[in-house]
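Letters are used for the chains, namely A, B, C, D, E, F and G, taken in the order the chains are written, and counting of residues starts over at 1 for each.
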């Protein structure tokens, strides 16, 4: 299709740059749609999974078997009043969800849907991932600060400290992946794991996976690390004052991040979107949704960790483990050549 | 009350009564159901009494159960009632004590026992809130259950509700 | 640090145990009652709204003695009656039961010496406005009649399962 | 809108704000204050520097109401004080009335009371377990506890006709006899519960995160607990084996064999463990009572005209601690004064020694661990 | 002001849009986690597995900003009344209120006592009254179904069914 | 003019405007956010110059970390006017203030720009990297061959920064304890 | 190569645009009825007391500072990761030395107890 479009553009006498821009917009819209659809599915899935774990059916009455539940939620949120509390810093308040969602979208540029199906296979892919995930700290701080609410502020400070602390082990475990593949390109990482399960990085990188998974859960605010929004403690954390669509955007972005995290876990450690029989996109979805399910499963099992233990876990456990993993990976790579 | 009654008391309560009489010979001690000992104390005597029953080793009532009051409007008095106990599984050492202090209905004042039993804090606040009994020496004597701007003390028998009527709100 | 590490691994271990529990529960059947479509059987003796009972001919058993109104802790029962000139019996004119004041304690039923009152199984009383929540004599009698239809298979003296009248012995 | 003094006090404080300190209102509407408790926190970051409980948001004039109703009519109101343990609050009141009227309670009624009382303890502890888990973020454990609670409610419903507020105890006995098949029902439930308790322990008690959140948090010493008049699991969690069922037995509790579980450290975890053990003790008591329950009437001879004379204080071990009722009668059938001593009202004072120096997240655990029922606190 | 107002506007497009909106609102009533008294426990029980509010698409939110439905489960007294008002005010529109239990409807067993506000509708407007003391979970769900009916009719001229 | 050049100019222009806003924003919070935005745009400028690694590092370190630290700083700051969400009142400059706050910065800026221009004119610029060159690999090789010593010195520098930060924070705490 | 990054820019814009679009769409549908009581900051039903924003303890700052330091370190790690295979043991040793110094700092932070959460 891209070739056909390119031909069309050439016939119109447009330059390659213009073509790239148009293609970029198309890809962006596709990815956004993908994220939105995913979020719709995930919200329902989360409610169904949590329901099953708790021996109840979950949404049932909206549409057949409750399938339209998230559509109803979305439309309702869309038509819900949008409150900007008095004393809030309006510009920052409005901007925060945008930044959060934009960062969540931008992350998807480098995530491979197939061995070659990547929006842009940047050759600094891994650094790009590290850099973009860091942006959500900014958004959360903006949201918490601008709300003029104490719970928001507490939530924002918490989550900022949390994200900041878990970013490091996360990135360190990503570096180890880069070492294994000898490249920062995600397509190279997928390629390096081709040829059967034994080539998956999970085996030499079991420690790295542990660190990545734990830190990743913390980075996307999933239980047991869902402290920023800890309902029983901080009411709703940094988004206490957000209502309607603005709040929904945070929600959406968090689910987008969950999908991204699961996709990355699959890509880094489980061979990425490849496998026998099925086309890559199917494998991509299977593996991604497996990790999404695991994240949900964990969420509905565990109590919430306390904030100081969270920090201890980050600094005293995960960073040392990540460094050990780094050393081990270095030896592994050097010795195996 | 009288001497001959005392002989019918359960054995383990005798030392308690003796210890009380030792310091306060005039004290009337009565046996109530469930082996409660009841004493009546004057308001001006109360600080000394409470300190004594807490600190005297033979008594050592370390556990204040409850402080409340009763408004005997016909007799023109407010009675503050303290329920005390000693902890312990040993039945011999167990003792339960009811202390009653009569106060005048207008301007009832009594010494606070918060410094002896910290638990009295909320109880006394509640009694103040509901009956208007002023506990002297209480660290923080404010209304506890009612709104701060509430008028009157609701559990008094002559209390009249004087709130303005509220009307229904419709959308 | 080693303590923290140990903690971390024991955390993972106990998490896996917990996840084992939850996944096992996940494949068990749901226990939910799908309310408007299916409904839990309200057990015999459940205390819904108090209703007036009728005898076989469909006449109210109530003799307007007002014992129920006196026994009610919240005064939610309002009774008006007049004495019929011919039969010299009291006739119940108004029997208003405010379902919002009622605490469904069943004391009125216990007070009734004529088995004329029973706690029904009716509890779906929600409404948009307040006046409709005061149940009148006829409404209460209607619910009461519904309950003694033969299909419900409840003995008459034990309407709705509650022993009426003198639960003393 | 009138400000309460607590608010104005804080306002005074905030006019000279200390360095990096923040005043936070926790409640009355907060997910984990178990109703309408309000805590005024002064925090530095997330560490609590001082806290003041503010109550009265559910004051429902129980004591005044009791003065205007006849003896039997007060019982449903007793249910609504401690709505999670309606039976035990009824029990304390009914016992007081019986003492004032000199009514004998038949033996069967006492046994039934013990059985429903312990069932109530299980129900209350199940709810506490659930909400405590919810406070700590474990939603699933909450729903599991409610699941078991529902099956217990089925039995309660069959027995008393209501789910939560039973109005089951009467002066002189109980309202109705155990229904046919009660024995099988309750024994089946107890077996189920024992099975499920193992599950709870695996899911929550053994969990490392849970342990780290509860151990060493909200510690009070034995002396503090006694000085503040704590009772029930809060006191027992500090290592004081005080349980009215054993130390001052009422009803027929002295005929059953059971232990008083006692904690060691006086922290949230100890209180948690004490309650978890109490499940087993209650199960034991019910099993014994079911086995040995005598026949006979379930309601004693009560004079038609009830007269309350004198004053009496009765106490009962509720799931939360010691419930006391101080009942004064003036010869009529209405109590002249009815005072309800609630354990949680007393325990609230312990929040300050427990909570200061901890994090906001710990406050949630602490409040959960003392198992507050606001209806009982405010009455 | 949005396209959709509270008044009924005739027209096929607005009506079907309105119907869609109403459908979405009634299907996703997020209720505020707000417990006052005994009824709050039954409210929690309704949310629990046996009855499961989630079937109706109802989940709880702690913040009033994100909730659509305020279930007032319990007695509102003078001290609480102002807070209930504040919380109601802080909810984003559209918002609904269910008065759960006799106490919230008009004081219930406590009506007329000192310190009791006789019904939460003296403070905030109430849409559906659910009597009971406390109402069974089914009764509360019945109330929710009534509210859903009411929401479906909002802004559209559908004759209300006979009350019952 | 090709797209890269165009993008370069556009990004640079926006960056300058944004940098200007950093200085003129009435609210300090906004200033910090403008600064973050400027960093972000500078990263874009780097990309147009073919330095993708540098750009990513810029986003990672400056946008992600440095802006965060500034935001933290604002939130932690004790001074009420810094924390305030209200605009800071602008006072007219006079006397020494004018000299210190008006003239000196201008002189400094002019000098800085002059030096920059000089550097620009005299430096031997390499030809911009084209297409498929893996800059990361180049940097890596250079780092561990030519620039080994500076690389290890960077570690020392970071260590010093770390220790310095800790010492400052701890001292601040001590002071508080004495103060209160 | 620049074109690869136009996508990045476009994605950011599309993300922000998606948000803006939704909010604009919502504006057509949603009620808008602000009044002072509604706009008061939420504080569990109370009228807010004091300022919404108090300064935090300086200890939080340490986390951010450490983060910056480690972020810079990570920037060095990435090129190293890529070339490790070619350069072999030599680069590994260099990096171990590099990391060792930073870990030093971390250990120092532990010992000083500044990583304690307040």
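As a convention for this text, contacts are C-beta pairs under 8 Å (C-beta built on N, C-alpha and C of every residue); 3 or more make two chains touch, one makes a residue touch a chain.
Quick caveat, the model's predicted, so the values are computed rather than measured.
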item	value
Shortest walk length in steps over touching chains, chain A through to chain D	1
Shortest chain-hopping distance from chain F out to chain G	1
Chain separated most widely from chain E, comparing mean CA positions	F
Farthest chain relative to chain B (centres taken as mean CA coordinates)	F
Best-connected chain pair, where connection means C-beta pairs in contact	A-G
Separation of chain A from chain E, taking each centre as the mean of its C-alpha atoms, in whole Å	35
CA centroid of chain E to CA centroid of chain G, Å	39
Centre distance in Å when chain B and chain D are each reduced to the mean of their C-alpha atoms	23
Approximate Å spacing (C-alpha centroids) for the pair chain B, chain G	59
Residue numbers of chain D (touch at least two other chains)	1-4, 19-20, 22-24, 28-31, 45-46, 56, 59, 61, 64, 76-77, 80, 140, 143-144, 147, 165, 203-204, 207, 209, 212, 359
Residues of chain B whose C-beta touches two or more other chains	146-147, 154
Multi-partner residues of chain F (each touching 2 or more other chains)	3, 52-53, 57, 60, 64-65, 68, 72, 75-76, 78, 85, 134, 136
Touching residues (chain side chain D, partner chain G) in the complex	1, 3, 7, 10-11, 14, 17, 19-30, 38, 44-47, 359
Of all residues in chain B, those that touch chain E in their complex	146-147, 150, 154, 159, 161, 163, 166-171
Touch list for chain D against partner chain E, complex	1-2, 4, 28-31, 34-36, 56-61, 64-65, 76-77, 80, 83-84, 127, 131, 142-144, 146-147, 149-150, 163-165, 374-375
Chain D contact footprint on chain E (complex, rising order)	32-38, 40-42, 44-45, 48-50, 62, 64, 74-75, 77, 79-80, 82-83, 87, 103, 109-110, 113-116, 133-134, 136
Residues of chain F defined as touching chain G within the complex	3-4, 7, 44, 47-48, 50, 52-53, 55, 57, 60-61, 64-66, 68-69, 72-73, 75-78, 83, 85, 129-132, 134, 136-137, 139-141, 143-144, 148, 151-152, 154-156, 158-159, 161-163, 165-166, 169-170, 172-173
